[in-house]
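Both of the next two complexes hold chain A, though its partner changes from chain B to chain C.
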Partner chain A sequence: MSKVIDLCVIGAGPAGLAAAARAAQGGLNVLLLDEQPAAGGQVWRNAGAALAGGSMPAAQAEKAYHGAAAALRRLAASGVDHRAGATLIDIAAPETAPGPGPEAVVEITWRAPSRAEAPRIRQTAAGAVICATGAQERPLIFPGAELPGVMGVGAIQSAYKQSGLVPGGEGVVLAGHGPLLLLTLAQIRAAGGRVAAVLDLGAPGAMAAVARTLPRALIGDPALMARGAGLMLRRALSGVPVYRRVTGLRAHGADSIEAVSFSSAGRATRLPARLLGVHDGVIPNAQVSRLLNLRHVWDAGQGAFLPVRDTDGAVAPGIWLVGDGAGIGGAEIAAMEGEQAARAALARAGRGPDVQGPAARHLTRRRAARRLVEALYPPVPMGAYATDDALICRCETVRVADVRAVLGTGIDGPNRVKAMTRCGMGPCQGRLCANPLTRLISAETGRSPDAVGALRIRPPLKPVLLMDYLAPETMPEVSA
Partner chain B sequence: MTVDVAIIGGGLIGLVTAFEARRHGLSVQVIEAARCGRHASSASAGGVRSLNRHMAEIPLARAALGLWRGLGQRLGNDVGFVQSGQMRLAEDAASMATFEARVARLAEAGWNHERLIGGRQLRARLPGCAPHCCGALVVEEDGFADPLATLHAYRRAGLATGVTLAETCAVHGVARAGAGGFAIDTACGEIRARHVVNCAGAWGGDLVGDDPVAMRTAALQMIVTAPVAPFLAPVIGVHGRKLSLKQTGAGAVVIGGAFEGHPREVRDPLAARGDLDPGRIGASLANAVAVFPHLAQARILRAWSGLEGMMPDGLPVLGPSVRVPGLIHAFGFSAHGFALAPLVGRMVADHLHSGAGAGAMAPFSVARFGTNAPTRQKEMSDA
Partner chain C sequence: MSLFRRSGPPAGAITITVDGRAVPACAGDTVATAMLAAGYDAIGAHVKSGRPSAPWCLIGVCFGCQCSIDGAPDAQACLVPARDGMVVETPQPLTDKEGKA
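After this line comes the complex of A and B, so read on.
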């Protein structure tokens, strides 16, 4: 281990950008590792190019990248060592340290963006780490979900932001619920695309919960509420057929999707479909917090496990988890959390007072607003779509029926199910099955998600080539 | 209530012992501090190897092979045993000379299961291996099994026949109680037993009473790749390299070896774990491509670690305690206990039942660590 850097920030979305810039401004030397080719994370994907007049009209770009320009300018001025295209492989927390102190060094294993310098797998020792690894879409488990042409609306969003592409032509169907579905619908239509139908998978009767959370939400974040209302209005005006109280969703097709069938308000319906965008909200990407063996608690509102954190986001001496990766809150909350963790890291390094900035109060208010979204769009219950023939693990072709078959006789947790069925052993490292597997076992056994637990996550966090580990002298000559 | 046998440790050795003891009609309680098979049993490559065993272990390894053949049927659940053969490659003439000497030494002792093949035959059987490899020691009737399937098969068979199992139930202490019995203080209450079997793996050294043992805790590292085109039937070791490598039926390449990670929080049974060492993962992988260059293009999917007890001479501690009557040890398998497990558990159970088999266990007695016991040389063991 050559030199120890002050701080490593993982993820260059709103939370990571704020944390890295604040810490660098405070005098820390900061390494910012991010998997994407450019800073911005998912919500500000490709912001730099788009705002410079690249992939979409300026007016659309302003709307899509609210807040991004300032964050990117701040990064550029901060002196942060930003490695775009770097992949996190492993994090080893210091062995239960006797107390906080600079001797507790975190070992980060990552893959460098370029093959030019072998070995591509690097190890960096950091005095502190702020993890801001963001959200992922909650996988929706229904029969036919694995057919080409079925994708999360997040993927449609990525294509739009990266390349200005929206689905065109006939047979575009959106199924699910939540703000991102509405946003995608609005963007497709604004770009001249057509959506054949929207299948609303939302639970009816969420209104009581909405009434409970709405007042605080309005105080907490009027801007978010106004944007939300605008989106709902636009959907009403769009003239797209909306099927409500949808159950029994199923995608059909030989080599790719050709049709969707479902029941709407009790009536069986079948529509031709060439592309099906699905969405059941977003959940924290828990790969890092699981890899760190942190304690997690199930959050019923988010329908996901959240790591247990201190008020400033600390999870261990010298390690912070911030942004959507620690609990869904959206870009603005994420940026505030990033700032807060950076202040704490600065204080720990003796570079500033250990005070909570004004962000703390704002954070409380914004989080109240978030509860409204959760109340409006609770996760689709597993039982509604997870039929026996639906794939729960695409990597290893494990069906819901395979999991149901091994439950009982002491096989009662995700890791035992993994050992018996291979569910979660494939290249996605459980990203697509960890959350549904916990919920499925909970539903089948009647035990709480906390009692059921979650899949253990193993490094490497993303599959890497064996040769990435090799130093030049051990690289075989035949390899390309 | 007093059980006939309390087995401390729900790894593979403990679960086999439990199943076999129950077959003798004994009442059996397994006590596991975490979850069954959490450590060495899960960080096993599943090698069923009699090749290149320490001379003292050869009789056990050969006898165990016979058990593996019918094991799935006996337990009523598949254990994934494949008689693929095991090969130990030579990369130079000096290694071949060592192999020849070993074959001669085995013949003197009456063993002829290890066979030497030359470079031409090696290339015919392993077209993917590097051109400098010049021969191999082979045992055709060796192979591999699926460690998780094996563990669960024994677990299920044991539970189905009346074994009692307590998980997340750490043992705090073992005391003599009354005439020839034990009182075991555990996280789930006191358990009384006539006999105690120490199958505690990496924690076996905590349960030796006054028996003198110097055990080291190791974090075994395992690596698996995404499926690649079939190129390898036998399980591979290499003379002079820390490496074990095999390809599963699904095409995944499983890479192990003796490169160790770092044991963490060993004193806390639920938090105890091995942390991987990325540098040594790299060293393992470098060894793999040295003999199979095309694996440079394979994708690494997953690596994991579990804790194991390593004895100074690389041999297990197996057999009755020399100081505590009623206590039997079966731990310290030093990262090559998987192949022996079906036999070892049966030997311990037979001994509990009838006192048989003391002679076969004698070479592995804890007594060898006594002040007068000779130190055994670890010979050619590649784990």
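After this line comes the complex of A and C, so read on.
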């Protein structure tokens, strides 16, 4: 297959936007594929429309979308071919591309958003690819988590940014820990909503790690530290009851959540709940790095596997991984990494000297700030709420007990557990269960996450219809 | 009562059809946020368990909002912008010969 474009960027969040715009400004012809309806990623979801006066009050939009307006203007001026609603299906691994040099071609398979564009499945040959596929929330495993009305606080954020939706009425409970939970609490209250209680699931007593990371964090990113302290203060002043040292978390209900029960400091409590927002931090969306079969190393601070990268984010000739999809750092670090990878891609294409941008020094400082966030909010231990009857795989309704039973027979790898239980075989393809499964096996067997490993990921990266491969003239009549 | 209410300025009113019922929505919604705003806590039933299924992530990860949209049977409602006249059908549980989920 001959090269048709210079660079394909996957993901239009802060990292992908920076990479695409920088590369296009440097003279590369760039295709930007993004699954979401509009550019911005999750942190800047719907920024274009919101800043133009849709979905949420203007004052809120200014706060929520710090930095977005400039990034979107830069994209618009760059000449990048941005396809919204495009789904990544496959990336041909570099070893299967012809030749390792700058002439190597990476083959990208993707799905166009609309059936009117048949065949929806497209193949694009690119000289290079920068993957910026972002983060997702880490699922919290506890009984009843699959009931309607239980969702990630990231989903509450997403509904707010997309459509200005705010939890309404009584029975709103937040459970978990971390900056996103504090931000969501502040936003709900600013929009006039009520939160009945916060269940703090954070483990107390990591003070040594906090003290060790605090000084560099204060120097590295004082603005972030101030925002974080402000959110903590607002929670303290909000008067919302906070339950600590929570054990035995469980959601109850028939067709949707009706109550949440738990013990706090040893006292059994049951609260009525219609909406339970849960949060245990964010992790890289690992589908692409796993698809590419890269070496991963467990990062205890992030509680996730991270792909092993060069300093500019390169993982193979002509392939870079940047932003939260390669390791959680937040929007500013992501944008810097995107810039850096684009510079490297330009150099590789003979369009500029291979110099590290001014970003490198700032990157080091901002990453120091991230270490404090990790020290403050370590992942909730796997065993804390994962009772036998809790679901670990929603798609295939696999319970923790099913995995424990298989482990009891001496099977101890996630891919063998998958074969025995179907954990990870449903439509989400392990996005929700891969991280919990590695941690559960590690906790049950006493082996390190690196020794346990992770679910293998294969193409297609999202379920596709055979029909989507067909051109209109060969399309059969299909009744839905 | 809906889990969510709209906090922003009124956007252009559109109508989508969910399982044959007219559902008011706003321009700029995704199909998933339109349904949440209209009071759908669940988006159909889980095909395996038969239990109500609902969005958990709203960013295209969890497949809790998978449904049929304008005849595309595998759509993720959180990734599809709502358009006036759109036809949505929510999933029903697979049943065996005795009609059990």
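A few comments on the model shown:
In this section, the second predicted complex is superposed on the first by the 465 of 480 C-alpha atoms of A that agree within 3 Å, B and C clash if a C-alpha of one lies under 4 Å from a C-alpha of the other, contacts with A are read in each partner's own complex, and residues count from 1 in each chain.
Just so we're on the same page, a residue touches a chain if its C-beta (ideal position, glycine included) is under 8 Å from a C-beta of that chain, and two chains touch if they have at least 3 such contacts.
No experiment lies behind these values; they were computed from the predicted model shown.
With both complexes brought onto chain A, simultaneous placement of chain B and chain C is permitted, the two fitting side by side without a clash. More residues of chain A lie in touch with C than with the remaining chain of the pair chain B and chain C.
Contacts of A:57 after superposition: chain C is touched, whereas chain B is not reached. Touch criterion met: A:37 reaches chain C, while chain B stays clear of it. Contacts of A:463 after superposition: both chain B and chain C are touched.
When the shared chain is aligned, chain B comes close enough to touch A:293, but chain C does not.
Vertex at chain A: the C-alpha centres of chain B and chain C lie 80° apart in angle, rounded to steps of 10.
Applying the stated contact rule after C-alpha superposition, one finds that A:248 touches neither chain B nor chain C. Residue contacts after overlaying the shared chain place A:426 against chain B and chain C alike.
Once both complexes are placed on a shared chain A, the shortest Cα to Cα gap between chain B and chain C comes to 5 Å.
Comparing which residues of chain A touch chain B with which touch chain C, the overlap comprises 426-427, 463-465, 478, 480. Contact residues of chain A toward chain B in the complex are 89-90, 92, 95-96, 107, 109, 119, 121, 123, 293, 409-410, 415-416, 419-420, 425-427, 429, 458-460, 463-471, 474-480.
If you check the complex, the residues on chain C that touch chain A are 1-9, 11, 26-30, 33-34, 36-37, 41-42, 46, 48-49, 51-64, 66, 68, 70-74, 78-81, 89.
On the side of chain B, the complex with chain A involves touching residues 35, 130, 148, 152, 155-156, 159, 165, 225-226, 262, 264-265, 271, 273, 275-276, 278-279, 281-282, 285-286, 288-290, 293-304. By the touch rule above, chain A contacts chain C in their complex via residues 35-37, 42, 46, 49, 53-57, 60, 85, 115, 136-137, 139, 146-152, 154-155, 158-160, 162-169, 191-192, 255-256, 274-275, 285, 394-397, 426-428, 431-432, 463-465, 478, 480.
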